[in-house]
Every structure is written in C-alpha cells, then in structure tokens.
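First chain A sits with chain B, and in the next complex the same chain sits with chain C.
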Partner chain A sequence: MTAVLTRPTSDVAEPESPRRRATGRTVSGILIVATVVAYLVFHTTAAADAPDAAAFRFLGDVRDWVDANRDTHPVFLYGVNYLRLGVRLLVDVVRAALAGLGLAGLVAIAGAIAFVLGGWRTALLAVAGLLGFGLLGLWPESVDTLALTLTAVLLSVLIGVPLGILAARVRWVGAALRPLLDVMQILPTFAYLAPMTLLFLIGSPAAVVATLIYAVPVTIRITELGIAGVAPSAVEAATALGSTRRQLLTKVRLPMARPTLVLAVNQTIMMALSMVVVTALIDAPGLGVNILRALERVNVGAAFDAGLAIVIMAIVLDRVTTAAARRRRRDWRIAVPVLAAAAVIAVLPIPDGLPRISFAKPVNDLTSWVELHWYDSTEGLKNTISTVLLNPLENLLVTTPWWLFTLAVLGFGLLVAGWRAALIAGAAAAGLSALGLYQHSMQTLATVLVATALTMLLGIAAGVLSARHDRLAAITRPVLDAAQTMPSFVYLLPAVALFGASRFTAIVAAVIYAVPPVVRLVERGIRDVPATVVEAALSAGSTPRQLLWKVQLPMARGGLLLAANQGIVMVLAMVVVGGLVGAGALGYDVVAGFSQREDFGRGLAAGLAIVLLGVLLDRLTQGFHRAKGPS
Partner chain B sequence: MTPTIAVRQLWKVFGPRPERVVGTPLADLSRAELRARTGCLAAVRDVSFEVARNEVFVVMGLSGSGKSTLVRCLTRLIEPTSGEIEIDGEAVREMSAKRLRELRRHRVAMVFQHFGLLPHRSVLDNAGYGLEIQGVGRAERRRRAAEVLELVGLTGHEQQLPEELSGGMQQRVGLARALATDPAVLLFDEPFSALDPLIRRDMQAEVRRLHAEVGKTLVFITHDLAEALTLGDRIAVLRDGELVQVGTPEELVGAPADGYVADFVRDVPRADVLTVRWIMRPAVDGEECEDTPLPSGTVIRDAVARVLRAERPIAVVDGGERVGVVDAEQLLPALLGHRRQVPA
Partner chain C sequence: MKNRQLSIAMVVTLLLAGCGGAKSDAGDNKPSAGSKGTVKLAINPWVGYEANADVLAYLLEHQLGYTVEKKNLKEEISWQGFETGEVDAIVENWGHDDLKKTYIEEKKVAVEAGPTGNTGVIGWYVPQWLADEHPDITDWNNLNKYADLFKTSESGGKGQLLDGDPSYVTNDEALVGNLKLNYKVVYSGSEAALIKAAQQATAQKKPLLFYFYEPQWLFAKEKYARVKLPAYSAGCDADPKKVACDYPDYKLDKIVSKKFADTGGAAYGLIKNFTWTNDDQNLVSDYLTNQGMSADQAAEKWVKEHESTWKPWIPAGS
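Then we have the complex of A and B:
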C-alpha cells in the first residue's frame, strides 16, 4: 500500500568529503572485525525464550486489572466505554444505512455518485464492482467491510483534516505531531490490535479505532502537505486585499489545496480498507473473516473469492476518489436527475435474485495443479533460500548474545545514522530482550532481512529496467498502481498457493507486497538524474553499462536508500502477518495471544517487540538515508 | 588539407515522421508554416560549413535558433535527420555505436552550459571520468587529471565535491574533464551563459589562453555577440535553424549579409573590430603620404592616434604593396557610426 508514501525526507546532511569517507571505511572495518571476534568468543547456544517471562506476567496482570475494573474505574466508566458505545453506534448507523438500501439501491446510488464525480466510465466500474459482490455471494460481508471502512474514514477525516491544517499553520503542533506520526506509520498492522482489545474488547469498535489509528497519520500528513504547499504568492495577494485569517483559510488555502485534500481522503480510504480486513483477527465482521478462516485451513480457493471482493472494493473506491480529485468543471444539473433516479431505484423493492459465481473450485484446482507440477521447483527454491540464506542468518542472529546485538546496533547506528538514531535503535534492541522475546525477535529479523534483500534485488532490477525502457515503464506503471491499492492480506493468497504454509511463504508475500513501491522509487531516482549529467557522460563516450554504474546508480543513491527504508518497513509488516500462515516467531505469538487467554501477555509483548523491531530497522535505514542519501 | 570538421546539408527535424520533410516541398516552408502543417520542428535546416584545424569556430544565434541542436548533431548526441558530417575526413553518421564511442572518448570532447558534473565524485574524479571509462588505470588517470586541473587553475581543489565550488570553478572542472582525454576537437555549448559577467570574462580569457597553449580545434556555441567577436576566428550566424552568414568578425560587422545580421551587429563598436582596410580610400594621384605606412590589418582604434596626429594621409599597405590611404575624414564616421540614432 501507499502507507509510507508521504514520509518526510528532509534534513539533508552536509556533504562529506572523500577524506572523511576514507576514515569512515577504516572505522567500519574495525567495527566489523570487533563484532566478529566478540561473536566468536561469546556466541550462545540459542536457548529458547522463556515461556513465562516477567514481561508476559506483567502484561497479563495488566489485562487482569483492566478486566476487573472495566466497569468501575472512572477512565473506563466515563471515557473508554463511552467511546466504545459511540463508535459502535456510528458503525451500526452506517451499516444500517448501507444494508437498508439493499443491493439494488446501493448499486444505483454508488453508480450515480461515481457518474457525477467521474463520468460514465467510473460509474460503469462502480456498478459492475458492486454487482460483483452480489455475484460472488459476499454481499453481507462486503457491506460489513464497507461500513467499517467508511466509519473509520469518516472519523479519520474529521480528526485528521483539522489536525493537518493546524500542523501546517502552527509550528509547534507540526513539530509535536511529526515524531508521533513517524512512529505510527512504521507500526505494522499487527502490533496494535492487542492493545485495542484490551481497551475496547473485541469486535467492531476496537476494529474501527485500530483502523483509525492506522489511517489517520496519512490524512494528517497529506492535509499538512496540501495546506503548506499553497503558493505563498496567492496568500500574500489575498492578505494584501484585506482577507481575514478565516477568509484566507476558506477562500484561498482550502480551495487551492483541494486536489491534495481529496488525495488525502483517497489514501485514507486505501489504508483503512487494508486495516479493516486485518481486524478480522479481533473479531470484526466482514470479508477479512472469510480470508482468515480460509487461510487457517490453507484453502486458497475459499479465500480467493473474498480476496477478489476486497480487490474490487479497493479499485472502485480508488477510482471514484481519484476521479473526484481531478479538477474539472462538473455540471451539477445532471447530478440532480441522476441522483433522483438512483433514489427511485433504491426505493423500489427489487428482489436480490442474482446468479452466484464462485472461483473457489477452479482456484483450488489450479492450486493443486501447481502443487503437483511445480512442486519440485517451488520446493527447490524454498529449500535453496532457506539453506543458503535464511538458516545461516537466523542461526547467526539467535546465537548472538543480546548485549552484543545491542552493542552492534549502537556501533553501526552511530557510524551510518548519527548518534540520535543509534541511541533509539540501541534502546529498541535492548528492549527486545527485556520483553523476553529475544529469540523470536531474531527469527523474525532474519526473515525480514532475507525478504528485504530479495525485495531490493528484484525491485532495483525492475526499477532500472523500467527507467531505461519507456515502453516497459508504460506497461508496468498501471500494474504497480493497482498493486499499491491492494490490502496487504491479499498478498498472502498467491504466496500460500505456491508455497503452502511455511516460513518461506511469509517471505514471498512480503516480497510481492514490498516490491512495487521499491520499483517506483528506484525508477524515479534514476529518471531524476539530470539530463545534462547523462548527456555529459554520453558525450564522454560512456557505454550504457558505464552510464548505469558510474552515473545513474550513484546519483540515485538517495532514492535507493529511501526505497530500502520503505521496503524494510513494509516487509516487516508483511512478515509479521505471515505468522498466520506458518511464519512462526513474533507474528505467531501475536495471533496466539488473540486466541488463547493464557497467551495474552505473550501476545501483547510480541506486539511491542514488533514495534521495537520496526523502530530499530526504520531508524537505522532512515538515518542512513538522511545522513548519506542526497549527496 | 582536409578540414577537421565538415558539415554538409545537415538537417534535424523534430516531430512525427521527420524524414518526410527533407528533400520535399515541405523543406521550403518557413519554420512556423512547417510546424502548423506537419507538427514538425525544423531545428537545423540545410546547414553546411567547414572548420579548419586549430580554428575557433563560433556558432551564434538567439535562443531557439537551433545552435545547441547543431552542436549535438556533430557527435550524434542528437541523431541528425539527414546530411553529412565528417570529422577528420571520417563520416560520423556511418559510424557504428562502438566507433562513435571511440570518437567521443578520444577525439571530440564537450563542455556543457550546466556543467553536467557528477555530484558524488570529487573534482579529481570528475576530471578523470573520461579516462576512467576508457579503462585508464587509477594512478595514471589521477596523474593526468591533476595535470589538467593545474592547467585550468584548480590545483588545491582536487578533493572537493563539485557543489563546494563556485559556478566558474565548476565550469573549469568541466573544461578539465574535456581536456583530460586530449581530444583534437572541443565543443562548447554556451559554456559561460550560466556564469556572471565578470567570471564570464575570466573564462573567455582562459579559453583564449588554453587555445594558444594547447592548440585545439574549438566549436563554440553562444548567444552573446561580444563573446563571439572576442573568441571567434570565424563566426556562423544561425537564425531559425538556417545559416545566415559565415565569416570573420570583421566581415560580419563590416559587411553584414542581411538586415538580421546588420541589426545584430549594429551596437558593436566598429572601431574595435574593423581594420583600416574597411575605411581606406584610393590614393589620389600625386598625393603626399606620411613616411611610415599602416599595415592593412591594423584595427581602427589602434590607428586613431597616428592618423589624427599626422599632417598628411597615411598609406595603407598589404605586404609591400600600397592598397589605399586613410586620413581623419575616413576615421570619424567609423568612430561615430555605430551609435544608434535616438531622438532627444
């Protein structure tokens, strides 16, 4: 998804001189040697994590306390519980409205809105998409998902847009929000489901709040960008004419930022949809439940229908809102009769008698065929990567004592990312052990690193190719567009279909999930190399290969590092979700925490460990990008 | 002797199906008409010229006149639509990709308006880039890069990054990079347009000095007439892709080919460019002249003092032969004539 699309990448560090670069090389050489020596001396036998660490007990106790005081403590009595009821009410109202319209009514109204916003093509897409839910026999589930998504989006916009405007206009609000949003955006979806259930119990309210937390940073960020991006000359001119602050906002800033604001809504919807599907884990109704159940039984066919419905929903919502973002004159006179006609259709009692289509059987047939005929190659690939990369790396990490790992993170962090990022990353590394989940964290980290390496390899290759061949880029661009609007859950399906349930499946899903944005960033980085430099290199007689290696790739370094940063964050999110399909480690701990009461503490701790791992990886790569990137 | 560069009937047409323009009635249309009719833009139209060895050849024109396209066609950074280009007698348009790279690597180097330096490499490595891609060893290319950096006056800046240098110094790096491969031909595409006037004058002096020291064939693109007159042995004036006039600075100022060129050179101080040849008159029979004659190549300004002080006309000689005489009467219009008449 486009979760990480709008992370700020400012703070250009001063250029480092070649001489400093040389000393840097010496220091990192010494550091590597020291780490290797320390590892050889101190490596452990990788004792499994204790099943009952202090952190787990503490978190379990917290849960027990909350459960005991849920109906008596004032924070719950007058705060959280009302919030829960309010959100529940809102969800129920939205769902009742959608369900009350019925299939025909909703199709008519959605079609009418799409027509007004985007023209007949968009309307056709919307009608076909919504009818698709009925045809797939997933109408009630789709309505549930849609209701949760719309509720969360509504709240996100209500909270996010004013905050975004404030952040853009009031310096300290922006400064205070920025680090908070940074952390919120690297949180893998899995991480905050457990705390939500602690506060809001399971079900729709917790799902909506979790989705809100996941989606609102994007709303705030893009709104801020839009408002801050309004041309100062226009504001100056309006001020010179005597506008009040309110007039400036309503007549200049908001109208001028309108396309960006619509983009903010669009991105919020995409994020929310992606998260709503995942909240099936905490008992939210909807399409996610179908996928989850099917995944638990490794029944790809059954998951496919629901996955298809989610993809359709994503595409319809994306196209309609993107169409709304396009600035063009709309004839509202057409809108009135169209909407009226839609309303009439909606009121007419039309039976929902639709033929049913299901792709479950053909997909399952295909999956078995793949299993039968490709078994050797998929198994070979799986085993090769496992033995050559994954196992040695995992073995190395789990046998490293936690303090050596922390020191190494600190040392290399200091070298590549500056002391602030190094301290944060080091603290996160130490925290993994404090949570009593060091071994599991290292297993997850190994998977993440391998998946990131594969992602970067594929992403850079594809990015370079599409930067050099315009025709290829024209073909891949819509594919990448579509890929970035898909909710993360969907990516598990092809991975499971090809590789069954295993650790490797999570790697494959993560690679599929993270490659599209990496391709994009790499391509843009290479295309952004100034034409005059390329021309100068060509006129000196560079071969295409020399051009790539000596000019384009070094100059696109900022883009490559940013791609690595975003890739690693996305890979972590997906690897953790892979806990559902046999990836084990932290992801599994989280899932187990939802299902078994006695594992709650461990699950919550695992969620925290995922957050720490995310912070660690993000700080190191982001710091590296800032310190070394834009040279 | 074969000219270093020979260009014959060169065309470059941008747009859909450009090959249909050349050699058809479409070729005779004006630029605007062609654009309206076909959507094609004729950036270079039927251009022919020759550049001799060690000559400084300046191509001058306003922006959009096709001069940058023209210079890029010479090494096929832009592929010409039709016509012939020869460098040292070898047809450039027939060259294979490999041969063309050889040409760019060893024989023709280019200096760009916006420098085109690699921001991630030190000044030394930028200057050595051309050698690096030829496969010259590290020690050797650093030695030669340091040499050319000394030549352009950048000793002491080798380890800096381009962005740490001023614009003028960055362009010196661009110059050093072009010189490092010791090419026979240097192409300059408006190299000093992005620099401020004082630096520009320094750099022009630098180019003159380098040309005197290393003696290369230079093709220099500019939109600045003063620059063209200062540097050029010969100047080609380009307008809407067509060559209007090719000649020495003197010829351009003294005998502009048409109103366009005349308009261009109107504000040039004629006394600085023209020689006494342009103002002398035939000697009247039996006329008494000063004892020491003036060579016909003397610039008017340098002759002013002597002519005004002389009591009699001064003979103008070409070699040993007297070709005419000058006196104050011829001098004054040349000194005043360039002023535009502005009503009070």
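Then we have the complex of A and C:
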C-alpha cells in the first residue's frame, strides 16, 4: 500500500522569518503553560463512559428500525436489497468462472495473460504464485479471496474512473470530492463493518461493498491525477486538428493517461486485497477466515500459511498490473497462440492434485520456543512500556476534561496547522464526547500516541540507515514491499503470541504495520537532500554525525512530517483492530458491537469516534506538515 | 456447471422479485438440503462447539450423504444468518433468550431443535494452587481483599478479571460494578488466549482470575476452583445492567432456521435427535486441541468408537 502516492499534499513552503519563529515559540510556551495550569485545576477522576449514552440509544433505535423495516420499506425493497442481490450475483459469477477453470486452467490462463502483458519473467512468477496456493493447500480459499477482490476492483474501476475523469475536468466536482475522499482514506477498515452489516446483512455482498468503499478513493484520486497531468500542448494540438470533446477524451486524454490509469488499478487492487481479508469478520469467505481462525486459536503457524498466500497474491497481482503499465505489448503472433494454448489447458480435465507443503509446524515450534525462552523478557518489555509510557499518558488524557482537550486541540491546531484544520480538529475532539465515548477515545489515543512514537523512532533510524547504505537499502526494499502488502490483521498474530492479550500487543502490531512506509518516506526525504548541500557541508568539515543532525535531518523535515502523518493514520487503523486481542477501548467497542446485539449502538458510535479521532490526528499532523513545509 | 445453473436461477429470481421488491432472503433459493443438498452449519468460536459440529458434519456427510458447509461465525452473527439464509443450524446455543425472542417469536425465521444433552456452566475460576493457598478466595466477598494479587499491566491498578471473546455470553462488567468489586474486566479475545493464560497461571504459579465455562477439556487436565458468586435465582439476570448474581446452569440447545426445519429432511432429523454427554464432548475437544487431529479425523475416531451413542440419532428410513 503505497499510500504516499495516493494522498497528494500541496507543499506550500513559505520561508519563515526569525522573528515569526520567535513569537511562535512564545505563543506555544504560553499555550503549554495555560494547558498545564488548566489541567491541574480542572482534571477529573476519569469517570467511565456511561453504558447507555444518548448516541448509543439513538443508533440502537436506528438498528431496530432497519431490522423491522428491512422487508417492507421501499428503500430496502427496491434499493438496498437489490444492490445486495446484484453484488452477490456478480461475486457468484466471478467465483464460478475462476473456480470453473480449475487449478490447472487458472494457472495456465494467468500465466498466459502475464506473459502477454509482461513477458516470461512475469509469467513464471504468476504460475509459481498460483501453484503456491495449491501447494499450501489453500486453493479454494485463495479463489474466494481472489473472486471478492476482483469483483470489488471491477466495481471500483467502473465507479472510480468516471468520477476521477469528472473530478479532473469539472472543477466543482473535484472540489466537492476532495474532502470526502480525505475522510474516506483515513477511515480505518474496522470502522465501517458494522454499518455494512446493518444495510447489507452478513456475507459476500456486504464485504464487497465495504471493500469498494475502502478502495474507490484511490481509484478516483489517481485517475484524476492522470487525466489532469495530460500535457496541455497535446490537448491543444488535438483541438487545433478539430477533435470533438469525446474524441479528446477517448483519443488523447485516456491513452496519454494510460500508465497512470493502470497504476490506479494496481493501487486499487492492493487496497482491496487488504480489506477483503478483514471482511472475514462479517462472514466473507476466503483466506481471511483462516487468519481469523488462527487468531482465535492463537495458531501462528496456520496464519503464516494464509498470510503467505495473501502476500503471494499481492505480489502476482502487483507485478502483472505494473507490467501492463509498461506498454511493452507482445506481438499478436506470439500472444494469440499462447492464449489459445492456455485456453486448451483450461478445457482439459486436469485434476487438482498437488503435494502439500505447510510452514505451520516449524513456525509453531519456533513460536513455542520463543514463548518459553523469552517469556520473562517479553513480559518485562510489556510491563515496562505499559507502566513508564502508556499508563501515565493514558491517565493524563482520561483525566483531562473534554472541554480542555478540545480547547487544547484548537489552540495547538491554530498554532501549527492554521485555523481551518484547527476548527475541524476541534470539532472532531468535541464530537468524541458528544458520542459519549470520551474515555475510550482517550485510551485509544494514548495507545496510538505511544505506538506512533515508537514507530517514528524505529522508522527514522531504519530510514537514515538505508539512506546512507545503498546495499542495505537494496536488501530492505523487497522486505518493505512484502510488509506493505500484508493486510493489517496478519500482524496481530506474532504480537499476540509474544505478548498475550494487552494494549502493548496492539502497539507492537501497529509498529510493525506502520514502520515500512515511514522507513520509505524518511529514506526518500534524506536522499532528496541535494548532493551539493551535502558536499558543501562535508567540505566545510562536518563529521558524519553533524551532517546527519545539522543538515540532512533538518532539510528532510518535510519528508519526516509526511512520514509522521502517514504513520499516525496507519497506527490508528491497527490499534483499533487490536480490539480483537485485548487492546480494549474503541476497538473493543466495535468488535463487541457486531458480536453482541445489545452493544450495537455503542459499536456504531465507536466506529464514528474512530473516524473523528482519525480526522483529528490527520488534520493536526497534515496541517503541521503543510503549514511548516520543508523550509 | 452447478454454479452456472445457480447464477441463472438467481437472475430469474431477480427478475421475478422485480415485481414486488426484494426481501432480505431473496436470492437464496437453494433448497435447504431438501434432497441430499448442502447443510450450512454455523461454527461458533470455542472448541466444545466445534466438537458438536464436527461429529454432526461427519455423520451428515458419511452416513446421510449431505454436503456440509461450515461457517465460522460469532454467536449473534450466526442468528442473523437464519434471516439471510447463510445458516441452517446452530448446534450449541447458550441461552440467548433475547435472540430467541427476536428471531423465533418475532421474525419467525428460526425454531428450537431440542437440547444437546450438555449442561453449560459459566463462572469465575482461579487456579487450584491459589485456592489452596488462600481458601477464602473462592468467595466473592473476599475478592477485594485479594485484588492486588491479580493486578496486571492492563488492569489500571485494580485486579484483573480475564474474559474471553467479546462475543461470549457474559455479565461480568455488570457484575463487577454491581458487586462493587475493585476489578477490571479485560478481554483476551478468544478461548485459546484464555486457556493459554490459565495454563501459564498453573505452570508458573501466577495468580489469575478468569471467566471460564464447562464443558471444557481443560478441566480434565488441570484443576481450577470456581469462585462463588451470589446464588442465582430465576429472573435475577433479567436486566443485563443490574445483574448481581451468578450465572444459571444452561441447558445447551440447538437452533435451526425455520426453512431448514420445514425442508431439511433427514439432516434436520439428525440434528434434532443429536444429544450426548459433557464427557463425549470433552473427548472430541481433546482430540481436536491436544491430539492434533483435524475436524474430520477427530469426528471419525469418536464415531467409530461410539456407534451405540449415535445410531439412535439417525432418523428412521434414511
């Protein structure tokens, strides 16, 4: 998930005058003192959230209404239910097609397509990857996951590409979509499962719609970028030659934006794949079910096999689509026979028998060895971080009255992010308490902050190292690639095995999940420091340490802040998934919401609270990044 | 081919349904196992449930010739499955009177299919060695005295009460509040995590207070003492927010969808007739968890060795 690409941020780098910086410091000093004093005067005893806040009851009533009217109200009879049927039909058709080909057929067809699009290397990869599903004994599950992913991608492209073109061509459409897409992209996957089951009940249709919502912003964004990026000179030339508007679009803009459009499909696939796995929580079939079961049994080995299958699928889909973007089309004289041969293989009745390999046993052995021998150190690490960092921070946040928290967010927001971002963040902060989930939100926030701090620490260290050592960077790149294609909840398992059910488990999983993009951004930021500057510093006699601290890091500040923004949003997504393994707070509310009927209202409210928390953190850090861009 | 027919059938349904709008169970027109079809069993996330389901699935497939589709679903989501046609049967249900009211009485999409023969117990437990050291710890009145023993990084200065999957039947948060206990409920997330914690507590002599239940194979391996809560009396748990009494003994039962009961034929008959003891279930659970057997192997072993138990379940004439 190279989310970097998908979230364009406008860097307005305004050089600051020394005086402005000085007043900024005074103001923030005053603000900090005021906040501390207000906290000391007004801090509360952290009364637990009421079990039945008005918001919960309201949302519970909404659920009851939907339940009662699902088969009578026209919106459902003629709208939602049809949507559900249609999506289900589509999924069934795609799955029937994939499953109907059989193992040999699908391998042959995929290999042939990969060959035509990318060449023999890609074809080999595709064939090996698909055979891998069979070898792992996960063929039917993989087909289910593939079918759901492809269906969701198909719908995302059908909806996203036209919207993207529209957004690029019509100014107000683009302006109207932008904030909506912003919010959609920071929505953690977890937050919209419950609303989906409310409308579409459980099963594949709800899963596809949830995946669609998760993936479509990327399709729209990248399409918009691609169309908007078509050289004006080409458009002018075509217009001068008398092209109609339709011709302009189909003959000039779309073909010229082709590489970007393929990239849009590629990114959509990656997003969809990671979401499809999570939808196992609402009864979607596929590899996610294996991972969920492994989680329930704390069986790291079983999850390893399933996780491996997901990574293989991601890599194959990624390479094939990237190859398609490179436009090195195979000659039809080769392409046609290859495809024909594949079709013949697909028709032949070849049995699916394959030898089985599984990494479950060695992985489980390793896990139990680690559990046995590292128990004291893992336990010690967990307890230290919890008592030294997490508990004090959580205590501080939960005893802060909600209005003071809101004011602090507003104040610091104004200072670092400008009034618009501050107002949005402040409203989000106030919303948390309006939902009746202030305490849980603060607990989640504390976990998120600690996890983000650790992520940044590790990410910057690793990023600096790989920026300085080319060989190290070459080794870590494929590891980072693989890590970024893993769906979030695969990371819970090793964390659970090592640290049991606790908030620290969620922190560990979040750090593993969020470090790769941070490493990337930091590395890029440091590598982008102009070579001339580095040389100048070196010739002025800087030691490597001085070079890093006085030149490279300060100059890469833009990259670091962007990394912090990305990191914090990813950490939030993972921390709430940690609700599955004892991390409590909002994540737990969401899980309980779709597993206990009486908690439904609270679960939905918690989903909303997660969204608000996401908006708050994103606005503050993104605003920070924008307002004080690379200077 | 079967899938294509299915798709065509669904298009037809779509078109037919077009006249009157689509109900929430539209599109699910597969006959509910009418003639040796597919039986969709919900699999709730604890191993005792799986034992029931695995043996039933084995018999359905090998004795009656059905296909069984297992669906990993949490308890309440399984009930929703009756409505959408995703689920035919739940084969170990713990009470859930509110769901029975909604889905059986009001929506009329599910019916009861008799007890499983198992008696379910839910309660709070401590490792036996801890009860030996502090004999009075098994009375809830003394729990506050020992709260310090159960402190963890997660319990915020209070004692920790470790619960299971958030979807399990539990009144623990209300109990802790209403009995004014200085404890915090922490959810481990799954049965496996609970068992792991309990085993560690026994092996490493770490104090642990945890939510647990019977039938459960672990009790055959290690000793745990149950903590006495204020005695249960009928109706004392009527308001989930005001509960201040122990859990009742649950007569575990089976629930099937209305459609399955009407058209399920021999499959429905088998599920309705199914009844066995806690020992039977623990034996299969043990195969599954500790002997490393797959669902099919465990069920096969039990079925081979207990023919007299399951023979009467097979409906006459099939």
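Rule of thumb we're sticking to: the second predicted complex is superposed on the first by the 623 of 631 C-alpha atoms of A that agree within 3 Å, B and C clash if a C-alpha of one lies under 4 Å from a C-alpha of the other, contacts with A are read in each partner's own complex, and residues count from 1 in each chain.
Assume contacts are C-beta pairs under 8 Å (C-beta built on N, C-alpha and C of every residue); 3 or more make two chains touch, one makes a residue touch a chain.
Computed from a predicted model, the values in this text were never measured in an experiment.
Superposition model on chain A: chain B and chain C are shown accommodated side by side without a clash. Contacts of A:96 after superposition on the shared chain: chain C is touched, whereas chain B is not.
In the superposition on chain A, A:538 makes contact with chain B only, not with chain C. Residue contacts after overlaying the shared chain place A:180 against neither chain B nor chain C. Touch criterion not met for A:34: it reaches neither chain B nor chain C. Considering which of chain B and chain C touches more of chain A, the answer is C.
Of the two partner chains placed by superposition, only chain B is touched by A:546; chain C is not.
Once the two complexes are laid over each other on the shared chain, residue contacts for A:557 go to chain B alone; chain C is not touched.
Contact with chain C, but none with chain B, is seen for A:386 once the two complexes are overlaid on the shared chain. Taking the C-alpha centre of chain A as the apex, the lines running to the C-alpha centres of chain B and chain C meet at 160 degrees, rounded to a multiple of 10.
Shared-chain residue A:595: touches chain C; no touch with chain B. Across the superposed structures, the minimum distance from chain B to chain C, using CA atoms, reads 44 Å.
Contacts from chain A toward chain C in the complex involve residues 51-52, 70-71, 74, 76-78, 81-82, 84-86, 88-89, 92-93, 95-96, 99-100, 197, 201-203, 280, 282-283, 289, 292-293, 295-299, 382-383, 386-387, 391, 496, 500-504, 579-582, 584, 588, 591-592, 594-598. Per the touch definition, chain A reaches chain B in the complex via residues 15, 17-19, 530, 532-533, 535-543, 546, 550-551, 554-555, 557, 631.
Within the complex, the chain C residues that touch chain A are 3-4, 6-7, 10-11, 13-14, 17, 20-24, 26-27, 45, 71-77, 80-81, 83-84, 86, 98-99, 102, 152-154, 156, 162, 165-167, 186-193, 196-197, 240-241. Taken together, the chain B residues at the contact with chain A in this complex read 75, 77, 101-106, 109-110, 112-122, 129-130, 132-134, 159-161, 163-164, 174, 177, 181, 187.
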